[in-house]
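Paired with subunit B in one complex and with subunit C in the other, subunit A is shared by the two complexes that follow.
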Partner chain A sequence: MDAVFFAQLLFNGLAIGLIYALIAVGLALVYGVLRIVNFAHGEFLMLGAYAMALVTPVLGLLYLPSLAVAMAITALLGVVMFELLFARLKETDFERSILVTTGLSIILLHGVQWIFSASGRMVDTEFGFAGVEIGDIRITATRLAAGVVALGAFLALWLILTRTQFGRAMRAISQNREAALMVGIPPRKVARNAMMLACGLCGLAGAALAPVYLVQPIMGQALLFKAFALVIIGGLGHLQGAAIAAVILGVVESLAGGFLTIVWQEAIVFVAMILVLLLRPQGLFATRIRVG
Partner chain B sequence: MGALDRLTGPLVAAGIAAAIALPFWAPSPYAVYVAINAALFTVAAMSLNLVYGFAGLLSFAQLGFWGIGAYVAAIGVKDLGLPIIPAFLLAGAVCAVVAAGVGHAALRLNRHSFVVVSIAFTLLVLTLARDWTEVTRGALGIPGLGLPRPFGLTPPGDSYYVALAFSLPALGLLLVIARSRVGRTLLAIRQDESLARSHGIAPRAYRLFAFVVAAALTGIAGAIFVFHLTIVDPLILDIYYMQTFLIMVILGGMGSFWGVVVAGILMSILPEALRFSNDLRMILYGLLLILAVTFMPYGFAGWLKARRGEVWRRATPATRLPAGDA
Partner chain C sequence: MPETALLELRDLRAGYTPDTAIVDGVSLTLSPGTVTTVVGGNGAGKSTLMKAIYGTVRHLGGEVRLRGEPIQHLPPWERLSRGIGLVPQGRCNFPEMSVEENLRLGAYRLTRSEAVRAIERVAAMFPVLRARWKTQAANLSGGEQQLLETAMVLETAPSLLLLDEPSLGLSPKMQAEIFATAASIARDTGLTVLMVEQNVRGALRVSDTAIVLEQGRKLMEGPAAEVARDPRIRQAYLGGGATAMGT
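So, the complex of A and B:
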């Protein structure tokens, strides 16, 4: 086995795994707080990427400011969608929430496709095609930046969830809804904040992916289904579990892509999910089975 | 018994007669093409209705069975040299066996996980269709399929009768199941699982039965559909089909038989009227889905029923109680 090739795959896998983790964590957060599986989550990723594609030329190709604007736009859209649709759904309406978010996903996907056409677009940034060399390994700057941004986002998310009232309220609601109500945590407001945070993170992931991947309307869907599988593997509503599973998947996929056939690269996550469901239905990292 | 109930028998007889005579009164061959879609989509939607509307399981696996049926029949005819009817039966049988295996595992989970597993199953089928090129030919697909032409009518008249010869008995079977003790038990389980359990009903066996029957019928419908198209490729697993089946069930009314039949026919015609823009059509689908789920959770049939209940409730005190008795 070629060590340089291996390390190259490892680094690429880590970067993409961190992006997967941003998507999956948002999905797990919304499930934990709202008890909704958001089928339109992938479309927020796509919207983040489109926001990046539209904003970057305006801001003179500056990377970080464009990223911040794209994230703010998707976070705001998350709040709007919450007020319009999600706030009307009750916790027991599980299937209905899937149908409503499926409808939203169709509208967002085809709305963007109608306005911008289905063809992909490239996003240029200040980094261009520059790369960073560590020994014999070469990583493109945009890929490295995506990894660093994702790591920074996780640090910020961890601080928010553990050190601020804003985040602690979310954890409280997802751990024990009745007890959270009893100590006076307003569920509706916290749910809105969770949607804002989750959509912002997903938009950030999309914006960071934009210079690495081709930006097109369907980009969210494929990633969303992987994120579903990751959330199941990690344990429904379990944030760390989803994040760890995501990073592992990124690396394994990258290695499988290098050493096995393409079939394995795509199928690995679903096979893993089916195995987890058969052997440990509560997910790899959850300690108890959620009833419902 | 409302006027609608008394009219059901004659209406259905007239509908079946009109359907059988359709190639002779249809304005154009194109209308017969649309009718073929309507016949097959309605069976797939009604199968989804059995699983979701009756058994209470939101299953995206229907799309996977639609695709498996299509591929099995195509491979049966092209590679195994089977005659067409045994190939269709094989498609149904394979779907039933796969459904029994998947259902056995997935029904151990809660409703939430079941939905996600059903999606993962369909994505796995799509991956196989696209990447298992030795068997499925990958993105190129398997061309050169075709339905038999026993009567030698103007195309697509014969294909229409093949589709109808499957759809009418299939819908009849689903109607019998829906009206039987099994159908009523499934509805009871969906409405209150704990109560059903306390009456000694084991939900899993009933749900597995619904899942397997729906898979077999959806598989055969998918098989006839691709033989009508003359080619099967991974596009048969396009999420568009699933969305269409879902909208038919939601608009028609979960757990309602005739509601879904009417919605199946209407929602096969409507997209043809909106051919000018695929994206606008899908946006309309999304809006319909959200509006129906939000404002008519039991579809048009449920809305109608609720309204009739309202009229009945308002009329009762005046008609039942003699004046001065209260």
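So, the complex of A and C:
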């Protein structure tokens, strides 16, 4: 086996795994705070990618400012969706929440398809097709940037959740609602913040993926189901679990793509999910300390 | 003397659904600096009464007045900011956070500098918490968790502290300590305490007033010592005719 090839796959896998992690963590955060499984979460990824596609040419192809704008747009859309739909769902409305968020997903997907057509678009950035050489490994700059951005977003999220009252309140509500009321946390405000943060992170993931993949309306769907699987593998509402599972998946998929057939690459996560559901229904990491 | 009352309930009705009043027309007045115990059988509506005062159950009618101001339509966080704190029945903390983080959340309504001072103050009040600063709340003993929860609520320096069965599941020694702490805080800081207790004997010993609640209504109210001597009360809540008040 070629060590350079292996390292290249590993690197690509880490970058995509971090992106998966951003998506999965947002899903787990919304579930932890709102007790809603957001089936429209993938569409925020797609919206982030479209925001990137539209904003980048306007901003003169500058990568980071475009990412920031795309993230802000999806975070704002998250707040709007919260006020319009999510805030109206009660915790006991589990079935209704599935129908409402699935409906939202379909509306967003087809709305975008109606406006921009179903065909994919390429996103060009200041990096173009430039590559970065690390020893003998060559990785495209946009892919490396996506990994670095995702890693940075993770560190920021970690700090928010563990060091600020803004984030601590989200963990508080997910751990004990009654105790949250005891200390005077307003649940609705915190739920809105969680949606803002989760949708912003997902939009950021979409924006970072935009120069790497084809931007098209259905791009959120496949990734969403992977994110579900990761959240289940990690233990519902358990952020670290989902994030660790996501990074491992990125690497395993990448290696599988290099050494096995492409079919296996897509199936691995679901095989793992089914095994976890059968063997350890509470998730692989559910007994660990949860942040979220 | 309504103007000297800290808390006044007027014909308060509250519950969990629009059509069933679990607290069914309760009126009472608490003077500043007093300790009052609510006794009553299982399901009498004691916890619901406490939640109705704090605002975590549905308000169905009547008034809750704090220093004369009606507050029955305020959400719990607004009531906390105005000086009402509730330590609910059973375990009520953030189990997967450390003592330190739980206390930081206890200061959620406070500014950053207020929070620092409040955490210092309650840590000095309960040294056992300082000793377990980095321990997860779930790994504390039941008594330590009860102290942690009380400390979290005391951080906001409430003028009215609602304690729902603070001694539940604690050792007799720990129970006595909890009552002594409640009484001494009330004496030293002018805090008004309204508590629900199963350990009627222990609670009445540190209380000024006792209220008997049954089926969501006030059955009796009077000085704690008098209520403790009432034969019907002794029969129902104090285990027959025993006269010994000590443990």
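Criterion: the second predicted complex is superposed on the first by the 287 of 292 C-alpha atoms of A that agree within 3 Å, B and C clash if a C-alpha of one lies under 4 Å from a C-alpha of the other, contacts with A are read in each partner's own complex, and residues count from 1 in each chain.
The rule is simple: a residue touches a chain if its C-beta (ideal position, glycine included) is under 8 Å from a C-beta of that chain, and two chains touch if they have at least 3 such contacts.
This is a predicted model, so every value here is computed, not measured.
Asker: Specify the outcome, clash or fit, for subunit B and subunit C once both structures are aligned onto subunit A.
Answerer: Subunit B/subunit C on subunit A - fit side by side.
Asker: Given the touch rule stated above, what does A:Gln165 touch, subunit B (first), subunit C (second), both, or neither?
Answerer: Second partner only.
Asker: Using the superposed model, measure off the angle between the directions from the CA centre of subunit A to subunit B and to subunit C, in steps of 10°.
Answerer: Taking subunit A as the apex, subunit B and subunit C sit 90 degrees apart.
Asker: Can A:Ala267 be said to touch subunit B (first), subunit C (second), both, or neither?
Answerer: first
Asker: For A:Gln175 in the superposed arrangement: first (subunit B), second (subunit C), both or neither?
Answerer: Only subunit C is touched by A:Gln175; subunit B is not.
Asker: Identify the partner contact of A:Trp114: answer first if only subunit B is touched, second if only subunit C is, both if each is, neither if none is.
Answerer: After superposing on A, A:Trp114 lies in contact with subunit B but is clear of subunit C.
Asker: Identify the partner contact of A:Ala72: answer first if only subunit B is touched, second if only subunit C is, both if each is, neither if none is.
Answerer: Neither subunit B nor subunit C is touched by A:Ala72.
Asker: Look at A:Ile185 in the shared chain and tell me whether it touches subunit B only, subunit C only, both, or neither; answer first, second, both or neither.
Answerer: Touch status of A:Ile185: second partner only.
Asker: Tell me which partner touches more residues of subunit A in the superposed arrangement, subunit B or subunit C.
Answerer: In the superposed model, B touches more residues of subunit A.
Asker: Give me, in Å and rounded to a whole number, the least C-alpha distance separating subunit B from subunit C in the superposition.
Answerer: The answer is 16 Å, the least C-alpha separation in the overlay.
Asker: Do subunit B and subunit C touch any of the same residues on subunit A, and if so, which?
Answerer: Of subunit A, residues 290 contact subunit B in one complex and subunit C in the other.
Asker: Help me check something: in the complex, which residues belonging to subunit A touch subunit B?
Answerer: The touching residues are 37, 85, 88, 94-96, 98-100, 102-107, 109-111, 113-114, 221, 225, 228-229, 231-232, 236, 261-263, 266-267, 270-271, 273-274, 277-278, 281, 290-292.
Asker: In the complex, go through subunit A and note every residue touching subunit C.
Answerer: So the residues of subunit A touching subunit C come out as 165, 168-169, 171-172, 175-176, 178-179, 181-186, 289-290.
Asker: What residues on subunit B touch subunit A, complex-wise?
Answerer: 52, 58, 105-106, 108-113, 115-117, 119-120, 123-124, 127, 131-132, 239, 243, 246, 250, 277-280, 282-283, 285-290, 293-294, 297
Asker: Any idea which subunit C residues touch subunit A in the complex?
Answerer: Touch residues, subunit C against subunit A: 56, 75-77, 80-81, 85-88, 92-97, 101, 104-106, 108-109, 136, 149, 152-153, 156.
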